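Just so it is clear, A, B, C, D, E and F label the chains in written order, and each chain counts residues from 1 on its own.
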Amino acid sequence: MFYHVKELQYRAKPERPDPLFAKQLQEILGGQFGEISVALQYLFQGWNVRGNGKYKDLLMDTGAEELAHIEMLATMIARLLDGAPVGDLEVAAKDPVIGAILGGMNPQHAIVSGLGAMPVDSVGNRWTASYIGASGNLLADFRANLNAESQGRLQAVRLYEATTDRGVKDMLSWLIARDTMHQNQWLAAIYELEAKENVVVPSTFPRELEKQEVSHVLFNYSRGNESATGRWANGPSIDGNGMFSYVENPVPHGKIPVLKPAPPYIHDTLPSVLNTNLVPPNMC
Amino acid sequence: MFYHVKELQYRAKPERPDPLFAKQLQEILGGQFGEISVALQYLFQGWNVRGNGKYKDLLMDTGAEELAHIEMLATMIARLLDGAPVGDLEVAAKDPVIGAILGGMNPQHAIVSGLGAMPVDSVGNRWTASYIGASGNLLADFRANLNAESQGRLQAVRLYEATTDRGVKDMLSWLIARDTMHQNQWLAAIYELEAKENVVVPSTFPRELEKQEVSHVLFNYSRGNESATGRWANGPSIDGNGMFSYVENPVPHGKIPVLKPAPPYIHDTLPSVLNTNLVPPNMC
Amino acid sequence: MFYHVKELQYRAKPERPDPLFAKQLQEILGGQFGEISVALQYLFQGWNVRGNGKYKDLLMDTGAEELAHIEMLATMIARLLDGAPVGDLEVAAKDPVIGAILGGMNPQHAIVSGLGAMPVDSVGNRWTASYIGASGNLLADFRANLNAESQGRLQAVRLYEATTDRGVKDMLSWLIARDTMHQNQWLAAIYELEAKENVVVPSTFPRELEKQEVSHVLFNYSRGNESATGRWANGPSIDGNGMFSYVENPVPHGKIPVLKPAPPYIHDTLPSVLNTNLVPPNMC
Amino acid sequence: MFYHVKELQYRAKPERPDPLFAKQLQEILGGQFGEISVALQYLFQGWNVRGNGKYKDLLMDTGAEELAHIEMLATMIARLLDGAPVGDLEVAAKDPVIGAILGGMNPQHAIVSGLGAMPVDSVGNRWTASYIGASGNLLADFRANLNAESQGRLQAVRLYEATTDRGVKDMLSWLIARDTMHQNQWLAAIYELEAKENVVVPSTFPRELEKQEVSHVLFNYSRGNESATGRWANGPSIDGNGMFSYVENPVPHGKIPVLKPAPPYIHDTLPSVLNTNLVPPNMC
Amino acid sequence: MFYHVKELQYRAKPERPDPLFAKQLQEILGGQFGEISVALQYLFQGWNVRGNGKYKDLLMDTGAEELAHIEMLATMIARLLDGAPVGDLEVAAKDPVIGAILGGMNPQHAIVSGLGAMPVDSVGNRWTASYIGASGNLLADFRANLNAESQGRLQAVRLYEATTDRGVKDMLSWLIARDTMHQNQWLAAIYELEAKENVVVPSTFPRELEKQEVSHVLFNYSRGNESATGRWANGPSIDGNGMFSYVENPVPHGKIPVLKPAPPYIHDTLPSVLNTNLVPPNMC
Amino acid sequence: MFYHVKELQYRAKPERPDPLFAKQLQEILGGQFGEISVALQYLFQGWNVRGNGKYKDLLMDTGAEELAHIEMLATMIARLLDGAPVGDLEVAAKDPVIGAILGGMNPQHAIVSGLGAMPVDSVGNRWTASYIGASGNLLADFRANLNAESQGRLQAVRLYEATTDRGVKDMLSWLIARDTMHQNQWLAAIYELEAKENVVVPSTFPRELEKQEVSHVLFNYSRGNESATGRWANGPSIDGNGMFSYVENPVPHGKIPVLKPAPPYIHDTLPSVLNTNLVPPNMC
């Protein structure tokens, strides 16, 4: 259950309106790695944990915090949109700044949301749950979280570089710091789980059931051997179960497949029309 | 540039058709963490690397391999659909197996693809590029890749558990082994980049520009202190830049925001109608 | 800012697992009118209110409550999935119940979420922000909310009818009651705003700027005059600004449009090829 | 069955081309609350009515009219795109108007549609049936329709404010008037159904089956009591079945849920790894 | 402008309900090549024709007819859903037919649409305008239309094979016949345009501006020479502008690209970290 | 299985950066008819061919080539983004070119991809598999391919017109030429299949099972007889099975449908409320 307080986690007030930056800032609110994504990803992971304890609590702590970040960004975006202009481009373009704003801002910020934030990214794609996941396997999911916080901090930093507004920079410096913590915390949790299990997810699948002869092999499918020099092609594997090796000229281990004709009620192209010319000898 | 050979990387032949499993197997072909996702993710990351060398080569090697995995799965799915039934449920349901197949299979496998694989997941969602990313920052992206291979191997293992077909299990044991390698290789690359840079992405943003006082703090937003006992709340931070701490009762650092009225041409609800009742003292 | 407590708003415990009902119940979690939709819709409306006071507070109260409903449903779904079977249909179908479960359950509940709830609807469509809106005009938005609660309660009632599990029915009886309240509250707020403004949204657009001669006219575009007998075609209009009327044989008020040819650099079909045969006399 | 006449319902001719406004005007053609949405929503509702008579006829009348509105907007947009420029920005930007047009117009209007209207909104999102609904319950659906016409008229009004073109304003004044009628007509139909049934949808669910003790209660989940002063927290409920009340400090009615471990074949994190630290006493 | 009559173009009445077939039949209503797709595709193409005459009229004739087909299918689906069961699977599965229906039907047909048709395909994907197009070039668009009618008739035929209901077959035999006509008519229009222009779209781009040395060459990128025997690799090209030829071992015509480093404010991986190992001699 | 070489099929180097054109060029990389679409469409068609021989080989040859085109476009876009500016619009807009770039470029090219290409179209819609198809019927699918190459070449030509950069034009002249070949080759394959089968897809459905009396009839649903003069309304049908005819005043062949009431557990509007006024005599 959730309680809300109206105070913000941290202040969200720009020095001046900037409708174009409002559009860009939507990326970390409603984009692939924005705050809606991390909030819902952490909450769903938390709700699905089959057990209680510190991992579940950590997920719920952080999920609830990300809701507060959505709120901060929504507030900042509404303020960046204060008094955003509408009007004829031909008139407006006499002032190049106004012209560029009218051409560059997200028109839905005026027409649809009435100068409010939206659950969309910086080009207007609506947020979708295709961005997130919760698998029931915490090591897998904490890696998803580390990725989300890495991409998210990178985007926040790029936005920081793109403005001179001290109010915006102030808020971003808070969010960037929290992303620092969140990368740190998922790393700490990952290290702990990797130590308890193994670095390969899931750790519970018996290794003898996989084709272990290719479990530590790099196949060179892109001409050029630069990748042969990497750690991933030399020495013991990271999971401690083998030695890395490199195959310069990988060959197929299967044959050319031949599919059976479809039954007549499917109305695929008939075999008589398909008319296979030649069947090479190595077909299966 | 790409060359194709018609032999499969590894064989993809089931013992017998199974249209319901064909539907399920679509998950690792066209789902969020399926082979289309990793193929296109690695290729786009590779094409966007601004420099050449071993990382780019590794991305292209692996991206090209994943194309071969799409091919294997597409072949397997087509064969699992061999002779899939259509027909009246009422007639079919006299045989419970046929009834369950007709009710459970993906109807598009008959109606749309004519017994062929589709770029969809196990419930029929079309593949979307919302699943993938390439940021230009390789540490961020290799974490995305590690996540994808972790989720992907987990799903392949779950599918392995769900069938007794030895042909399907044989192919899955190959794919699972390759996922083992791919987790290993991205881990190797990640460790190398973390050593060269720092564990926090991006490493190039000056730490003094972020609010460092909250860069290593866990805020307890979900009642219960289980998370206070974790490594993430105690000891030096993973990034080596501070000490973890825990705030049991986090308070807001901002005030209640009050947004300015919209201009009349936006036709939001008028301030006179909105009629704020009481303004608490701590509004900003 | 948000705080979470781990206790549920109301209990969410079924008598027994039921993976097929778990799939159906996803509709009111992650469907078009599910709890994610109302939670995010109310929160975004609240954050975008340009003023404070009772309407904003009501939105935040209710938005926070809907987060608790997501949590209840996620918990219930995870429990309905307890021990959900996987396995060969041919084997399973010997038990018709198992066969129907394997064919009918959402396969992603096993393969993707590891027996956890997902942000999807009952057929597996991922939740999308295309479902929701916040316009800055509260009368418009409260109508969106009334609609969402009407559709949502209707769906909850249909699900109530589809199960005999007393635990599920118990939880649904709570959610249905809350939907009763939420319909009541949005109605109360709507009546208040309609009294302050007018029933037509937005009320701030000068009526003389619209073509008032068609502001209260029903055009009969579907042959048959049943609709002529309704209140909407007789008597004073609801907005108090005119009298309803009915046009049995509506005629066009415009002419046949003729579009100018495209410039050559667009490479549309050339006018010489388009070759208009005859131009009727009433083209504009 | 449908017949088409080539004359427009009302004229759709701008004074001059304006590619940027063409992009904006797409919102009410192919956006969430645009004419495609209302046309298909009303038609599907009409086709699904299980009975005939005035409600079905009203839906079909209005659905057919909305098809004519799509046509008017498509025509207007094509004309606003007449002779739209393409070309190098660097060259074009010497004329600030041309520069702003090239930067601000929807590039698909040139590249994809060849200066034609598209089934997209003002940022280019393709229209999706996720926007619409038809539930079989007319009171629910008429509320959906009232919402659509409210949002739609609001957007049309905002677009009216954003142009000085008299031809565009003329057409919008027609559409705005029709939205006035459509809000009026759905209100009239809603009042009639509410009088026959009840204001709560669906009216056919026995009230004793819901948890009536919370059917008229406002829970204060967002700190601050402004909402306690509203009509929704005082006096008889709108549905006539109870009295509104207000709970200032809502407490959980459920316990902390503990989920059972997943079976081994799911490969979730093992209970031994999850390792619950402490189980608070009030878990269920 | 459109007029509607309530009579159907052709009857749509099944012999008996069949909720599973209702789900499958959705494919040709709301799927990629269903009736919504062709209706809106033809209408948008018609509205965007920059000229009048027979092509535009043909598009509008056929677009309006497809609206009638949506209506027929919506009616048929509602009737196939008459009295569709809901209820506990465990109870229901004692009757294998009921069990298979509950497991196999689209649950939204009960929960969401109240036994009505929906704008979705046979697995429940919502219809999206991503399925359709209108380019302004009629030869291109008529090819899109021919494709849509080919895929659509194929799907209708597959559905015809999947039922024994004489009422359903009767209606499908009408739709299949209309698809026959529509394939015929688009072919007739295509032949006419190809004769006036050229078979290559667009015909207005000067051939000397393309790299004509590869305008009629088949590159063998998939090992095996079966394709060398086709008409497309031998003899005069179809467009009459050259001779087909075949390149057995295609080589790259470009060099290995090296991208410049990103500016620091982008925070991509630094060149010093990327650390290119070896630069092959043929990079550009 | 696939091998990659790092050399490009053809060079992809602009004369100078142009972030706005980079955004536009995304259309033919990740748009509806872009290179991702054709690559995956041809590959899936190839993998699903139930037989081997020249058609399958042709599909695989061309699918592999399209992967190389994605690569060329990705490279070109990254270079067009070299050093793309970020920054305050107000500062930037003093230089109208910079202002127009900041307003007009895709902000995700800076924030999300770090100056790299993305799998999106020119307005930022993520690529979706809803764009493509593989039906198992090659004549249907080759028509899909001909359509894709027609739309794709048209878009490439429009982009060619929109730039003066000789490097971009050089690359486009290659792609346009390849589209010429691909239109030619699918035409050649189509003619061959049409000769073997019939022009109507699928050719295997017995003609006597369709309502042949309407298989060659044009119904005039859009007032005006221009379409009566076309080839499609006169003379022998293209499929050789009949004579075209024209019906000036098409009448319904069905009756007004009346749907049965829904069962009570669906909670649709009750028949007593629906209250059909009058039932016209020709209802079925």
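Simple rule for what comes next: a residue touches a chain if its C-beta (ideal position, glycine included) is under 8 Å from a C-beta of that chain, and two chains touch if they have at least 3 such contacts.
Fair warning: this is a prediction, and the values are worked out from it, not measured in the lab.
A.B. asks: What chains touch subunit D and also subunit F?
C.D. replies: A, B, C, E
A.B. asks: Name the chain pair with more contacting C-beta pairs, choosing from A-B and A-C.
C.D. replies: A-B
A.B. asks: Would you mind pulling out the distance in Å between where the CA atoms of subunit A average out and where those of subunit D do?
C.D. replies: Each chain reduced to its C-alpha mean, subunit A and subunit D end up 28 Å apart.
A.B. asks: For subunit C and subunit D, what's the span in angstrom between their mean Cα positions?
C.D. replies: Computed value for the inter-centroid distance: 8 Å.
A.B. asks: List, in ascending order, every residue of subunit B touching at least 2 other chains.
C.D. replies: 1-9, 32, 48, 50, 52-55, 60-61, 63-65, 68, 75, 78, 86, 96, 99-100, 103-104, 110, 112, 114-115, 120, 123-126, 128, 130, 133, 135-137, 139, 154, 157-158, 161-162, 202, 205, 221-222, 224, 226, 229, 252, 256, 259-260, 262, 265-268, 277-278, 280
A.B. asks: Edges wherever two chains touch, nodes for the chains themselves; is that graph a line, a ring, a star, complete, or other here?
C.D. replies: Its topology is that of a complete graph.
A.B. asks: In their shared complex, at which residues does subunit B touch subunit D?
C.D. replies: So the residues of subunit B in touch with subunit D come to 154, 157-158, 161-162, 224, 226, 229, 265-267, 277-278, 280.
A.B. asks: Using the touch rule from the top, collect the residues of subunit B that touch subunit C in their complex.
C.D. replies: It is residues 18, 20-21, 23-24, 27, 31-32, 96-97, 99-101, 103-105, 121-125, 154-155, 158-159, 161-165, 221-224, 252, 256, 258-262, 264, 266-271, 273-279, 283 of subunit B that touch subunit C.
A.B. asks: Mind listing the subunit A positions that touch subunit C in their complex?
C.D. replies: Counting only subunit A, the residues touching subunit C are 1-9, 30, 36, 40, 43-44, 47-48, 50, 52, 60-61, 63-65, 67-68, 70-71, 74-75, 78, 112-120, 126-130, 132-137.
A.B. asks: In the complex, go through subunit B and note every residue touching subunit A.
C.D. replies: 5-13, 32-33, 46, 52-58, 60-65, 68, 72, 75, 78-79, 82-83, 86, 110, 114-115, 125, 128, 130-131, 133, 135, 137, 139-140, 143-144, 146-147, 150-151, 153-154, 157, 160, 173-174, 176-178, 180-181, 183-185, 187-189, 191-192, 199-202, 205, 209-222, 224-227, 229-232, 237-239, 244, 252-257, 259-260, 262-263, 265-268, 280, 282, 284
A.B. asks: Where on subunit E does subunit C make contact in their complex?
C.D. replies: 1-6, 48-55, 86-94, 96, 99-100, 102-104, 106-108, 110-112, 114, 123-126, 135-139, 193, 196-197, 202, 204-205
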